[in-house]
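Okay, here's the structure, questions in a sec.
As written, the chain order gives the labels A, B and C, with residue 1 at the start of each chain.
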Amino acid sequence: MSGAGQAGAGVLYQIRGLRVSFPDMARKPLLGPAPRIEILKGLSFDIPRGQTLGIVGSSGSGKTTLGRTLVRLVAPSAGEIRLEGQEIGGLAEPELRPLRRRIQMIFQDPLSSLNPRHRVGTIIEAPLRLHRLDAPRDRAARALSQVGLDRALARRYPHELSGGQRQRVGIARAIALEPDFILADEIVSGLDVSSQAQVLSLLEGLVGELGLTLAFISHDLSVIRRLCARIIVLEAGEIVEDAPTAQLFERPSAQATRALIEAIPLPDPDQPGWTV
Amino acid sequence: MGETAQPALRADGRAARRHGLGLRLWLSGGWIALLALAALAAPLLAPHDPLAQDLFAGRLPPFWVAGADPLYPLGTDSLGRDVLSRLLYAARIALTVALVAGALTCLIGAALGLVAGFYGGWVDLVISRLIDIWMSFPPVLFAILLIAVLGTGLSSIIIAIVVIDWTRFARVVRAEALTQARMDYVASAQIAGMPRRRVIWAEILPNVLPTIVALLTLEMGIAVIVEAILSFVNLSISTDDPTWGGMIAEGRISIHQAWWVLAFPLVALFLTVLAFSQLGEGLKDRFDPVLR
Amino acid sequence: MSGYLEIEGLSVAIPNGPRLLHEVSLNVAEGEVRGLVGESGAGKSMIGKAVLGILPRAVAQTGGSVRLGGQDLGALTPQGRRHLIGQTSALIPQDPLTALNPARRIGRQITDRLVDILGWTRREAEARARALLDEVRVPDPARVLRSYPHELSGGMRQRVLIAAAFAAEPKLIIADEPTTALDVTVQREILRLIREMQARHGTALLFVTHDLGVVSKVCQTLTVLYGGHVVEDSEVRRFFQGPQHRYAAALLAATPRYTDPDASLTPVPEGVIAATEAELAGRAG
């Protein structure tokens, strides 16, 4: 596969021949197993430590499933996922649990990913307590200030916050655990441009400050151009392009990549290819 | 989108709802508290032995009707038993059934529903099929059959209600848990490394609780009705003990001569069932931090 | 400048509560596409709702007028207003899934309006629906008319809604964030389609969106809102050469563009927000 670097000390994730399929219940016969739909069709790539990787593709390309497989919300049906050499693709949930601290996720919709019955403080502290980290309250407060939120917000419920604030809480929850890897799944697509910019620059700052390895899933190439060093383009469950960001924008090699780039409406009435 | 408008609008509607809500909660809660107190203190409050007959004081009307005896404020039935005393003692039985049957039904049904909705797969399949099969029995016949097998008595009534009505909880709670299990906060708890059993307790249950509370109070009302129906058809506890259903059955016979024997237990029953259902709705909204 | 849709000094408020729109004025002429831009909370959807007479119950118009083809909506009876709006206006909604009734076939949902409001026969309406689906380039229209909403993709559903909006030849269409829920590649097709249909039918189109990129592709004029106030009203070409108002300029600068990676990380500066708030408070007082 293209772009897969050599396994070495600098590699955090090594993905080899990753396949994911789900049973298609709509076409399940009355008796016997349902036919399976292949979502990911044998992906191989590495994520070096400290890199910010963009994962893009149109809806149905499998980018969300890829993300959820990396953080093992989804189990692969074949292939390997190595986290610093350790195979985690086949681990059962109890075996994964101690590793969970190292691989965190920020979700697309903060309203759905923050339990409406819990206060912000509880939401950020609960994972810290689960992993028996010392001084969870202080760590939570530090995480809140790292994402630029007032500590007093710890006593609020998610619905009392604005969209941008909620997404910051999602980020705070992830970084409070001091993980090695964070997956960010379309985390700004529900926000206003202004909040978008704030959340993106916050994330960029944190990546540098905390030495995070980040995978950033988006359908929108323009919002990840600055953030990501490298971009993987998915189409129909396969990697069609894997290239450094600058190269991908200047010389896109795959048709799917070109289509994604051209489809972005720039704030410019004279953008080529858009005349109607 | 008009999002500035949205919170303001919601707050506005919320305030209006809360105002109505407060009164509803107070009235229904007040009635049930009053009834519970009266039932507890029945031996102190009742002017007469509820079983004592006085054939010379039969069919005395309530105090405001001509010919009433002030010793029997709500009159007497055809055997000369004091209606007020019987009402009070009957409330003890009604509330015991409501509390015990309601709580047990809730515990069993909600637990099964939560487990089925959260774990899904074969666990859900087994529980859901069980619910389907259970619900295909006609409930009233089922109850009568059960009492016939178990014999009459307070515990039989309670068992009958639990055995029949757990499906009500299981079905609703399962659907609710299923919706909640798909929310990202559950995935996020998994990402945090939370054990599955703890996810049910700490994450899902608080979100399903308002529904459970509403169902619980509804179920208490239903338990009161079922007990009354079974008493009405004489399948409740021993015929001597006063029950609202039994009183209604007796009052029905003499409705033209002594309407009060029928009317008072009927009103008590109606108010109690109404109060339980209103209490549930009120608590459900009060419990919700999103609405609060 | 006069237009088909003329909004003048429109104010909307929650009774005894905050004002949501402050003396908003804008026009959309026949054949014109006007963008209505703002961040969430700016009141852009509220304007569309006021025009279509579907303001939430807790909200009331407290001032100003809305005219459709010269007729003042405020001067009509509620029934007359509904009649006029039904005859002349249509909406392309944001979410194509919830805007269609999941339990009814597509065909019925397009033809209902024609039959109920315009009094066409079912047969005429069906022929029209098929022709329209052809026009919005839905493959196999006969099959789509018999389908239920869940059987279609998001992009296909949005095409159906566009067809439905144009079905009764409205004079005015309000498109409320019609592509926000779609992929960028699908978005481009839908935007092209809306523009093409609008041009062919000569409709006045009020295009509500938060995305200045989209505005630059679809609209000829635009109105920028902040906190229920109009802060800029401009021609698109002139606007993108240099907005007049500081907030509008900052909003444009914050719009992400892959050609200039830094732009995607510039929020609207707080100083600009504060200055805008102060200016608008002065304007209101």
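What we mean here is this: a residue touches a chain if its C-beta (ideal position, glycine included) is under 8 Å from a C-beta of that chain, and two chains touch if they have at least 3 such contacts.
Worth saying up front: this structure is predicted, and the values here are computed from it rather than measured.
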| item | value |
| --- | --- |
| Chain pair showing more contacts of the two, A-C and A-B | A-C |
| Chain whose mean Cα position lies farthest from chain A | B |
| Length of the line joining the C-alpha centres of chain B and chain C, rounded to whole Å | 50 |
| Centre-to-centre distance between chain C and chain A (centres being mean Cα positions), rounded to whole Å | 33 |
| Centre-of-Cα separation between chain B and chain A, whole angstrom | 48 |
| For chain C, residues contacting two or more additional chains | 40 |
| Partner chain A, residues of chain B touching it in the complex | 183-185, 187-196, 202-203, 206-207, 289-290 |
| Chain A residues within the chain B interface of the complex | 68, 71, 73, 93-94, 96-98, 100-101, 103-105, 107-109, 112-118, 126-127, 130-131, 157, 159, 173, 177 |
| In the complex with chain A, residue positions of chain C that touch it | 39-40, 154, 183-188, 191-192, 195-196, 210-218, 236-237, 240, 251-252, 254-259, 261-262, 264-268 |
| Chain A residues within the chain C interface of the complex | 58-59, 163, 192-198, 200-201, 204, 219-223, 225-226, 249, 259-269, 271, 274, 276 |
